[in-house]
């Protein structure tokens, strides 16, 4: 399962561009981390909401994929994210968790923490769909 | 107004990293474009939903900022995005429009098109807040 | 098409309880109206956000159903609603419009106006799914 | 605190119409229950998503209000709800919890369960705003 997710993750050019890394994969739960750099900022010098969203979306998508049959892939249908605190940290930690896995649709929750993994910076809810490979 | 927005945009390191450009600024409406590159992809080689979201979020935020007093800045409270079609195009065009401007909160809609500006790839609704500079 | 929608609408006990009426049905667009009564209020005496949401959700669902094959039904997967203005009016007018119709999923936008149909009170985006009857 | 919330709840005509009851109020957490009746259904005879949303919205709003100063009231800015399972039960149990309380905005999560309080039927994320009374 880890290999399957890692292989797909490695094909996401954006994750490389952001410097994001896949660090944990379990059934229904995936963790992605992303270190700070000046190329990831919004106008105040903190992580841009787009980075927070990108890694949360990938974490949710891959969490969903861990519950899907072998010969399928995952696409994001939609997500909503609340940006709770300024992303003022040297590392973002995104955790995607499956809330409900269905035949076609899987609903996930994404949590983005600061480097201590204690301060919740953003909360996502995402709808993912499985498609034949 | 254009200068104010352009100056803030130029401070967003992420926009530079994505290769995004601010191309239009009017009262209540902002356009951002982003050309395709391999560093912006998801696992199928199309634009990652994170790129689509990032430029739509910036377009919505700056559309909101055009309606806010001079000595304020804008932060994203939350957004929801529906990814309608695979982002299979050589350029994304994001347009942010103010739906309702309030004293504290401004609600915006974001549209992300393909390079023809005719195929709607994603639709965002975003809540923005003005904060003292 | 009108009959199919009206028949389903009449089976929604909630619409009767709210006093809501189906007034227009076209391909991809449905209108539902709801007159004010004290049984529909929040704590300030205006329409409760739950009423606004209920009729917008039904309008979106039925707009989606107009695009679906005969032997299917529609269920709401998720929706997001922004409550833009206090719902201080003697009638709510909800319009559901299809933004994109797919084989399984249909994405709709819902608009809720005051009785003049000019003041936008709420804006919804909804994801609907077709299921076999 | 309980009295303050109960008093406001009693002013919500919609809660009476739905037959909903406020059953628990703690700092940052509120529970509302709603028994089944034919006047609350969608076309398949289950609870309408509008009922699920209405009681989740009220539970989130009042959870937020427990964290706000005495001379303020609460309004819903926006919410998103995922309808995870058909609401086929004889009672809905909605729990609103504060995720983050701020000076102006409070972000809440709403959970709607079936009568066993074990099957999660819907999940909401809501943004609430405090306004002077």
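Chains: A, B, C and D, in written order; residue numbering restarts at 1 for each.
Note that in this section a contact is a pair of C-beta atoms (placed from the backbone, for glycine too) under 8 Å apart; a residue touches a chain by one contact, two chains touch by 3 or more.
In this text the structure is predicted, and so the values were computed from the model without any measurement.
Counted by residue number, the contact pairs of A-B are over half the same as those of C-D, the matching pair from B-C, A-C or C-D.
Across the two candidate interfaces, A-D and B-D, the one carrying more C-beta contacts is A-D. Separating the CA-averaged centres of chain C and chain D is a span of 20 Å. With centres set at the average Cα position, the gap from chain B to chain D is 32 Å. Each chain gets one centre point, the mean of its Cα atoms, and the points for chain A and chain D are 28 Å apart. Each of residues 77-78, 80, 82, 107, 127 in chain D touches at least two other chains.
On the chain D side of its complex with chain A, the touching residues are 80, 82, 84-85, 99-100, 107, 109, 120, 123, 125, 127. Those residues of chain A that touch chain C in the shared complex are 77-78, 80, 104-105, 107, 127, 129. Against chain D, in their complex, chain C makes its touches with residues 8-9, 11-18, 37-45, 48-51, 53-55, 57-58, 73, 75-83, 86.
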